[in-house]
Each structure stands twice: as structure tokens, then as C-alpha cells.
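Take a look at the structures listed below.
In what comes next, subunit A is part of two complexes: it sits with subunit B in the first one and with subunit C in the second one.
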Partner chain A sequence: MTGLAADRRTFLKGLGLLGAAALVPGCATSTSSPGSGSAATGELSLQSNLSSEQAKAAMEKVVAAYNKTGGSQVKLNTVAAEIFRTQLPTYLTSANPPDVYTWYAGSVADSYAKKDLLLDVSSVWDSMTNYPKSMQTLSTSSAGQKIFVPTSYYWWGMFYRKSNFAKWGVTPPKTWAEFVQVCKTIQSKGIPPIGIGLGDTPWVASAWFDYLNIRINGAPFHRQLLAGQGDFTDPKVKAVFTKWREVLPYFDPKGKSFPFQEATSALLAGKTGMFLIGTFFADSAPKDALDDIDFFQFPIIDPAVPVAEEAPTDGYFASKKAKDPDGVKKLMTWLATAEAQEIYVQSSSGTAIPANPDGKSADTPLVKKGKAMIEGAAELTQFFNRDSSDALQPTADAALTKFLDKPDQIDQILKTWQTAAEKVFKA
Partner chain B sequence: MNRLKTSGYHVAMGLVSILWVAPILWVIVISFRSFDDVAANGLGSLPHSFTFSTYKSAWQDADEFRALINSLLVTIPAVLLSLGLASIAAYGLARYNIPFRRTILLLMLMGNLLPPQILLIPISRFVELIGYYDTLIALIAVHVGFGLGFYTFVLHGFMRDLPREIQEAATIDGAGPGKIYASVILPLTRPALAALGALSFTWIFNDLLWSITVIRSGEKMPVTPALLGLQGLFVSSWNVIAAGTVIAAVPTVAVFLRFQKHFVGGLAIGAVK
Partner chain C sequence: MTSTLTQTAPGRPAPRAGGGASRRTKRSGPRRVSPLILAFVLVPFAIEAVWVFWPALQGFWLALTNWDGLSAPSFVGFGNFSDMVSDPIFRTALKNTAIWLVLFGGLSVIGGFGMALLLQRERRGVGIYRAALFTPVVFSLVVTALIWRVFYQPDGLVDTVFRSVGLGNFVRPWLADPDTALYAVILPALWRQIGYVMVLYLAGLKAVDPALYEAAKVDGASAWQRTRFVTIPQLKGVNSVVLSVIVIDSLRSFDIVWSMTKGGPYHSSELLSTYMYSTAFQSTQLGYASALAVVIFLLALAVILGYLIRAFRDET
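And then the complex of A and B:
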């Protein structure tokens, strides 16, 4: 730069050159951008949000196994779950999107199908004749196309330590009355009976709302409410909270300050009695504690209501703009096989159950019991956000945390919730 | 009396700095605990274990090495380029009677007053349109673009205060604008450049928002999103994340220690007229 010639004209000339240099790449790329990068390499890209160590390693094994079968090669691209969640709309609407994505079944997948962003994979389902009807329904868009291929699911339950229940002299309750009795007994020992972890993970409270609602009002009402066809100020919704208030004194008061992962530690350390949570919590439990863990089904409140359970289902969908739709369908057909799902289930945390009924799950008593509970259920729901949308979840978080703080303001809370939900549904 | 005052001051400030350092120490302690220890006793408890394996898994399994390389590949060119361009712009605006220079400067600064979030979608779409989506070049360009306004403003203030006579003397000796910039103004601006360099290094290195906006592939992600990647969907190994954070902090701490006095100088830039 010291060698720069010193008169004004050269300086200006230099500026002109700089400008031209800045323009050139702009022109060059704007002409070449259609198709650039999408150069047909015969490679499929799989965008995965399974970023935790175990799940990532399991996905790598699945992809490696598929790449050995021949056909197009799959390139796995793992990004952090949180980044994936916020960037998924950008991925799908970009000019050159990844081909296949990990995602959730149900209305969260359908919301992208409604925007016409997903590949119709009905032909993949021709090979999936052994899948139960519930899975089919979950994978079908509101336009009637199959857009999703489920690969695994897990369950929610009231988890506890067997040794602690024995120590306190309580047995797993089946009905609501028994459940309240168990809470009373545990509290009399000086232990907060019901653990929860709402700091950073306020969505955990939605499990209580979901379960109370499907136990009292049934799964169809629950789904309609979450789809915007109901009203949160409905007396039937208020009944859910009235029931919830009965056990509110038994919640761990510390639960508002720490995330569910810490609440898991509290349960394992015997600082709380029970914990309504999904099986993923087992990943954050020390291995030696797992043998002592058991769960019971969320207590039955009204025997007349068909029993529904939460069974969040994971799987894959593909972009409508996939460069090689046949290759994508071939990959998804393979992912739907019992063989592929077993590879994943065996290498991941071990509590996921293959979606393919022929797929073998982990052979532990806990998983067997969970699988039996789900198979025995008359109806399956996903989870609050999966049955509605990621946009509705924050409205639930706000309403439920407020309720846990100020249960006597329930009418006002439900009104606010309804207003917030209407905004989401209109958006 | 004076002694009492001094020791009182030191005790009070000592307590404040302990408060300040405590979270960092906490992260370091967690980074040496094993997963089972954290899971069984909670994050807040005293350590019951000691292990280096967290650092190994952060470095190898999470591929933090590649992420750090990516970060440096972005940060170093972005710092050099933005400071180079900003100093040229500031030189022109501060030392020559360019028409509307005040407006130009305010316009550049105005861009910095916009919250970056409202530009996320336009930028991601634009980068895609020109075919640079998912490249480190796009990330460098974004950082240069965003830094330019502020750096120019700061350097302009600094260069404006350099004595007019120096430039006049150089002109009499036959130096043109380019020569004056390179041999006279730039060396005199070094303190400001060093301060801005140190500040911008930490800003760009610690950025998360832009990297996840313009980059899609895991292997191209800089270190901040890579750290986020250590968090699972539900469950996170906080000990490994803590270890990863400690590793990721090393470059910025190194830059800080090297340019310590400029950091303080940098904060005072523009304070003295």
C-alpha cells in the first residue's frame, strides 16, 4: 500500500478499479446462481436436528448403513436442535433446500404441507402396510397426501424410583383418588410429592395440561382445541384447571426455578416423589440409577373417557424441491424398514420405540411396559406443540406458569390465553 | 485514616471481583465433572468427580477444532478487511472536503442503529440470491458490512483530531493522498486501530446470529453454533458444554491479554475531544 502512486488521478483510478472489482463477482454469480451448488452429484442431503452425542452417532450409523446399500449417497448434516427449529422455515423456502429432514409427525408437519413445501411420499407408504392406522393418520396432510415417514416414538409417564416408593410404603396409583392419596402419603414424609422443572423448560407444564385434558375431556376435544376450533374459556377447559388445583399443593415449590434436567436429578436423589416426563429424561440420568426407575400411567379420572396417551412420533419429511425425488423416496422407504429403525434405536439412548411394528425395541422391562401402554391406548396424542404449533406453545407456557403461581386468577388467565391463541391462529 | 480507606476499598472491590469471576469459575469447575456426577448431584452441587474426558469429547466428538478453525477463518479476514476499508473511508471523510461528508457519515452510522434482527431475512435471501449462501465468504461479508459504519465513525473522530500541519508538511514534500494515508495517517491511527481490532475480534468471534443465518452445513459452522450443537434436543451434557466453552474462550482471552491496554483505550476513544 505504501507503493501507491501519489497523484489524485491515480487515486481515483484506483477507486474505480475497486468498484469494478466489487461488481464483477456480483454479476458472475447472479448469472450462475440458478443451479449453482445444486450441481447434480447424485448425493442426497439429510438435515438432522439430532445433535446430542448419542443421537448424532446413531444417525451416522443409519446413514452409513444406507450408503452401503447402493443407490444415491446420503450426506448427513447435523445442526443444533435449537438452530434447526428456528431455521427450518428458511431451509424449506430457500432456492436450494436440503432434501430430507428430521421432524415430528402431526400438525407440526402438516403446517409445512399447507404451505406446499413438502414432497408427497404416498408411494413410500405402499411399502408400509404393517403400520398402524394411527401412524397413517399422523403422517397424512390435511390435503390428504402422505407427507411424513415415522421412524420412532417415545412415551410420557409418571416416573418414580422403585426403592423410594417401597421406602415410603406407597404403590403406583391407578385412579385420581388413589393418586391424591399417594401424594398425601409422600408429603407426610416431608418430601414434595410431584417434581417439575419449569425454569428454561416451561413447556414441561404442558404435559399436565395435555394429560388432564385428554383424561377429562378426551383426545378429540383436546385436538380440536389445539387446532383452534375450540375456546380456552370453555367451561370444559376450566374443569381441567379445577382438577389440577386439587394436586397443586403437592408440587415441588423449587420446580419453578430449575429446568427439567435438574428436576430429574431431584427425582433421582429422592428430593421429589414422582415426575411426569417423557422418556428422554433417561438420557440425563446416571446409568446406575436407571434400573431403579419405573413409571405408572397418568391416573384415570373419568373411566367413561377412552384412554389416550401421549406418544410423540419422530421421523422424516422431504422438501418438495428435492432434486432427485425418486432417490429421496428410496431413502425414506428404507428408513421405514424395521432394520433401519433398529439400527437407530439400538445406538441411541434406548428408550425410543421403532415406529415399524416389526421393529424390535430395547429389551428392558421399562421399554416393554411403555410399549404395552401405548399399544393399549384407544387414542394417541403427540404433545402440546406437536398437536398445535410451535407458535401456540409460548401462549400455553405463559398461561400455565401464571396458573401455577396464581391459581385463583384462572378465569383471567384463560381469557388472556384465548386472546393470545386467537392471534396465533389468525397469523 | 487513609490506610483504612484504602484497605476498605480493596476489600470491597475484592468482593465485587469475586462476584464477577464466580460464574466463570463455576463453568470451569463443571467442565471437570463427569456426566454421572452432574446428573446425580445437579449442576449446583460441589464436584464429586474429576475428569479431563469432557475436554476430549468437546474437542473430538463435537469437532470443536474444526469449528475454531472456521471461526478464525471468518474473524481474521473480517477484522482486517473491515478495519482496512473503514480506515480508508474515515481518512477520506476526515481529511478532505468531500461534499455531504457529514450526511455520508451519519448514513453509515444509521445502519448501525437498526436492530440487526430486522435484517435477518433480507440478508439470508440476498446471500442466497447471489449464490454465496452457506459459505464463509458470506459470513465475512456480513461482518464487514455491519462493522464498517461504526469503525468508520470511530476512526473518523480519531483522524479528524490529528494536527493539520502534519498533512500539510507531507503535501509540501510531494506526497499524494495515497501516500499520506499509508505513511502518515495510518501509523498515527495505530492506537485506535489496535483498540478497534481487539474489540471487533471479540465481537465477530462471539457472533452467533449471523453464522446461523447464512450457514447451513454443520462442518462450516463457527465455534459459537458448534457449542450450541452440544445441546441435545432435550438433554444436554453440561459438563462437555462447559469444557467446550472454556476452549472457545481461549482465542478471545489471548487477544484480550495481548491488547489489554488498547481495550481500555478503545473504550475511551471519542471520550476526549
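And then the complex of A and C:
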């Protein structure tokens, strides 16, 4: 049957054409034009990365409370944190993106604003007059628009067990010299003084880099360096590592092998003396042990440098392509209220502090102390990845873990770090 | 096999040698292909084209660009490939992939073949040994990784064993030490792969005609000679299967490395596959990651094509 054969040939030709069409560069990668979605449907989608059990339940309560206030109905879509992180660019560039997203304030949010993907929420900030200046700065894009609504923050500190410090006869140090002395005393009792957890969670080491840098060189230098305006081979950066080297002998050698959750267990079990970590560690700690936990501020190194603290701020931003911008802004205005933030803070693990100064945080001595420390700070930083980008974080992980292993090679390490960072900033 | 068949049956038309013209003379016309069969071929092909071929072609295009996943990709020609030359992490990953291919591939063939030889004879309880060796294959590699991580953890099983036999000085953070991390990951990968290769060889050994051994014995061949000149040549078919399985498994090894070390500490246990993943999804340098994917593809293609060409040459 020649007819069929001919048909087949045309079909194959068609397929060939299809294949050629597929070859046309950039089909799937081009960004489509905004505004393709339908008009206001009365339903908003909220994409959340708060996937841990407590946080997820807290988010469900927040959304339920908002849906009772009338207006648009919000549909919560919780995505596993790691998937959310890798998919966020795809969400934002898709033709029909979700409306509102949980994310982090600062440079990390600004990187999306620079690509013109975020909704200008300046009008929401009209109702947020009681928020401190630092929060405003964090929520403003480099183009001067407000693009973010902060809802909660937490702090980092040197955590320890009160009973163990009493047993070893040490008191929380304030200065670097005192800190080194405390390390020496704890080590003399046969306990590794400084706990760390780098296996699987190498980014924990960045807290040391951040703190040493803001204590020695100050927060403005730190931010510029992380924004790509500095150079990691700068002698000022090397000074950070020279200082760090003074306490390297006091780090728990086992910390290289396990993640921060196990480092938390080691601290609670009295196998390490203290641990520089964010309050989220409490999620993996038994409640009764928490009563014995206290923290001290990262020691002051140069009293001339204005004191800065790490206070990573969480909140929301919205897609520029949101179908119902007014509905979105109404939701975000509500999320900025003390009432909404209290619902979240009370239902989650309790160490987060509401961003709204009128919001009540959990009434524990630990949280009060943390809040006081942050409020007393002259400058706030976020954390390495939040002050730079998620793309820069792996370069820090490689450099810092290598330094902890081979401090002699610091010059080479900083050179490699600079090369890797340049590649990220160029991309 | 086909060639022997055509030789022994000279009366029938040779299906391969003849070609289209001779076929037409012998038959009434071109063979009819039922639309149903066409549909069975073309529908999956179309699906494959959309879900596999198109993205793959896109990958080749992306390899020539700089792309962060947000803005439109910018064309950089072969810039990504020339960057690789000066990229120390790429060199480590390439070296580690080669080490992986040799150690993981080589040892699993030797180990699997050795185990198959040991366990091929039907003895009482041999089934238990076979099952025991095959059990690791049943676990997902991620589960395997989790179990071995517990072994390797500080003061874990491995450390305890070393200390109890007086080798305490050798104890180190196995997965966190750049000198041991890669080998500490290869071990569990082998633990699993040996059982798999053993089963392939056991099946092959079963197919060897016992008469050949009888004949070799009568001719006075020693046990070693019987293995060398009877067993090994007879396993040629199985060898080809094992080789492709090993090469493919080596190049796609990702899950076990990622779940044990994530390529760390500081990239010392990085394979090309893990480096590609972290470049794409952690550093969001999708152009460079695509270029790495192209390199992996070319490597796999080179090894497999090399093998296929040899296999075809042997056949004709």
C-alpha cells in the first residue's frame, strides 16, 4: 500500500518539523508576559515553605483566622522547605504564579525585586508606622520600593546549659579575652568547649564568619562584602580568620561529622560547652532541657565597632503578576498586624519574635533576653545567605569547612573563595 | 546467533543481507503496517519527544548560556566549557568519577564474580548465603546511606571496631575527612552492587554446559584452567550486560554520595553528577550545570559506544 507509506513519510516529516521547532533556542526558558491570568477570582494563593509540623499548623491557624475576616479567601499551599527554595524562581517567573509567598527579608528578597518580579507593597507600609527603621530598610528594594512585609524574626547567640556552667565554675564572657579564658577552663575539665555541627549543615559555620566579621570590621563592611562589592582576599577578611584561629583548638572535633541537630543533643548532654546557633535549634530539643538553657551575646572584640547582631527576619512578598493586587495588599496589611503575628508565634515553637513591636512574644526569660539584645543592637544583619544570596552560600560552606580543617592554607582558601564568588556574582 | 541461523537455513531468504530491493522481488509488495502498531510506536514516541528529547535538546542549548533561572539566558558560546578547564572543583569531580568507575566498577565485578563462583555449587544452606549477599540490593540507596552513616558516626560501629582491635589511631571522621570521604562512600555502594553483579553471574554460570567441564577435565585441565578457558569465555554474554550496568551505574551514581556527604567536605567527594546538581540547584548556575550534564552525557556515550562498536565488530 503505497498510500500508507506516503502517509507515513509525511508524518515523519511532520515529526521532523516538530523536532526542529524544539531546537529553536530558549522556548521554555523565555519569560512570558505578565497579566495573563484571569481577573480577580476572590481567592488568593499563599505559597508557604513552613513545612515543619508545628509551623505548618500555625500557618493553617493564621489562614483560617484571615478567612473569617471576610474579603478574599486564602488558599494555603505548603511546600517542603528545600523544594520551595529551589522552585521559588520558577514560581515567580511562571505565567500564572501563586500570589503571596513566605520568604526572607533583605538582599535575598531584593534579588527578585531587581528582576522586577515583586509587587510594590508601599501602600501596606502606610499602616505599619510603628515598625522600627531597621525593618523598613530590610523591606525596601534597591529601587526604593517596599517589597516585603516582615512578620517575625529570631536571634543567634552562644547557647549553653546553666547547670553545666555552674558546675565548671565559669560565667558567661563579655569580651573575646574572657571568652578564650572560658574555653580554656572548660577544656581543662575534659570537655570540648565549642560545639558545632557541620555534617549535612555546613552553613552553620557561616554564623562564626558573620559574627567575627561584624565584630571586627562592622556590619556595613560585612554587607558590602556579601553584596559583591568587596573582595574575600582583603586583609580585613583575613583578620577574621586570624581571630578565628585563636579559638580553633577549642572546637569539638566530632562536630565535622554530624548536623546541627546532633550538635544540639551534644550540648544538652553536656558533651560540649557552648554552641553558636539560631533559636530554631529549640525545635529539636526536649522541652524540659530548654529550661536549663541560656545564651550570651557573641563576645565583643573591638569596642569601637558599633554592636551588630544577627536577626534573620521572615515574612512575605507577593508576585508582581498577582491577579488581585488589592486583595493581596489587604491580606499583607492584616499579616502585619500584631494580632496575626501573635496567632503564628503562639502556635509555632515559640522562639520567634513578632516583627510588629506591639506583638506579644512568648513570655519566657530566654525570649525576653533575646528580644532585648536585638533591640539594643546598633545594626542588624540577617545571615550569610540572606545578606547575599542562596547561590553564594555553597562557596562559603566550602571555604569555611576547609579553613576549620586546614587553617594553614587560609591564603589559598580565600583566593579560591573569591574566584567562586565572582562566578556567582557574574551569573 | 542470527548469522548461524541464516547459514544453516540457506533456502530461506536472509532477512538482513538482502535489503529492500531483493525483498520486494520475493514478496507481493511493501509490508503493511497496521495503524494500531503505528500508534503503539508513535504515541509513546511523541510523549517521549515532549518529556525526554525536548528537555534534553534544551539542555544542550542551555550549556551554551549563562542562566540563573530567572532572567532570560544569555548566550556565551563555549564559555562554560572553557571555564571547566580552570575549575578546580570540576577537576576533582572528574578525577573522583574516574576513581569511582575503576574502584566501584572493578571491585564489584571481581567481588561479584568471586562470590558467584563460590556460591554456584548447590550445597546445603547456599541459598541463605546468596540471599544474604543479595539483600542490600533490596534496600533503596538512600536507606543504605542512612545505615552506613550510623556506622561511620563518631564513636559508631566502625570506630568501635577499630578501637577494639587496637587500631584506635586510625579512627577519623570518616565522612568529614577529605582523604577518606570518597572511599567511605564507595564501600556501601560496593556492598550493594556486589550482590547485584553476583546474581547476574550466577545466572550466567547456570547457563554454562556442564559437558564442557567434563571435556576439560578429561583433557586434564586444572581448576584454574577450567575457570580461565571454559567459564570466562562462556560468560561473554553476561560480561557485556555487567559492563553496561556497571558503567551506567557508576556515571549515574548520585543518591548515595548526596545522602552521605553531599560531595563534601569542601568538594572532596564530589562526583560529576553531584557537582552538576549542586551547581544547578544550589548555586543556580543552570548554564554551567547544563554544560556539566553535556560532559557526563558525552562520557557515557563514549564508553558505551566504544563497547557497542567492539561488540558489533566481534559479531560480524
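In the analysis below, the second predicted complex is superposed on the first by the 386 of 427 C-alpha atoms of A that agree within 3 Å, B and C clash if a C-alpha of one lies under 4 Å from a C-alpha of the other, contacts with A are read in each partner's own complex, and residues count from 1 in each chain.
Here, a residue touches a chain if its C-beta (ideal position, glycine included) is under 8 Å from a C-beta of that chain, and two chains touch if they have at least 3 such contacts.
These numbers come from a predicted model, not from an experiment.
Once the two complexes are overlaid on the shared chain, A:256 sits against subunit C while remaining clear of subunit B.
Of the two partner chains placed by superposition, A:163 touches none, neither subunit B nor subunit C.
Shared-chain residue A:50: touches subunit B; no touch with subunit C. Touch criterion not met for A:137: it reaches neither subunit B nor subunit C.
By the touch criterion stated above, A:393 is placed in contact with subunit C alone, subunit B being left untouched. When the two complexes are overlaid on their common chain A, residue A:278 makes contact with subunit B while staying clear of subunit C.
By the document's definition of touching, both partners, subunit B and subunit C, reach A:90. Legend: residue contacts after superposition of the two complexes on their common chain; A:80 is shown touching subunit B, with no touch to subunit C. Put simply, subunit A uses residues 1-2, 4-5, 8, 11, 26, 29-30, 86, 90, 258 to touch subunit B in one complex and subunit C in the other. For subunit B in complex with subunit A, the residues that touch the partner chain are 35-36, 39-43, 57, 61-62, 121, 124, 128-134, 174-179, 181-183, 212, 216-219, 221, 225, 228-238, 240. Subunit A meets subunit B in the complex at residues 1-2, 4-8, 10-11, 14, 26, 29-30, 32-33, 36-37, 47, 49-53, 55, 77-83, 86-87, 90-91, 94-96, 98, 258, 260-262, 264-266, 268-269, 278, 280-281, 283-289. Interface residues of subunit A facing subunit C in the complex, by the touch rule stated above, are 1-2, 4-5, 8, 11, 15, 18-19, 22-23, 25-31, 86, 89-90, 92-93, 112, 115, 117, 198-200, 202, 253-254, 256-258, 390-391, 393-395, 397-399, 401-402, 405, 416, 423-424, 426-427.
The part of subunit C that touches subunit A in the complex is made up of residues 29-30, 32-33, 38, 42, 45-46, 49, 53-55, 57-58, 61-62, 66-73, 75, 83, 88, 152-155, 173-178, 262, 264-267, 278, 281-285, 287-288.
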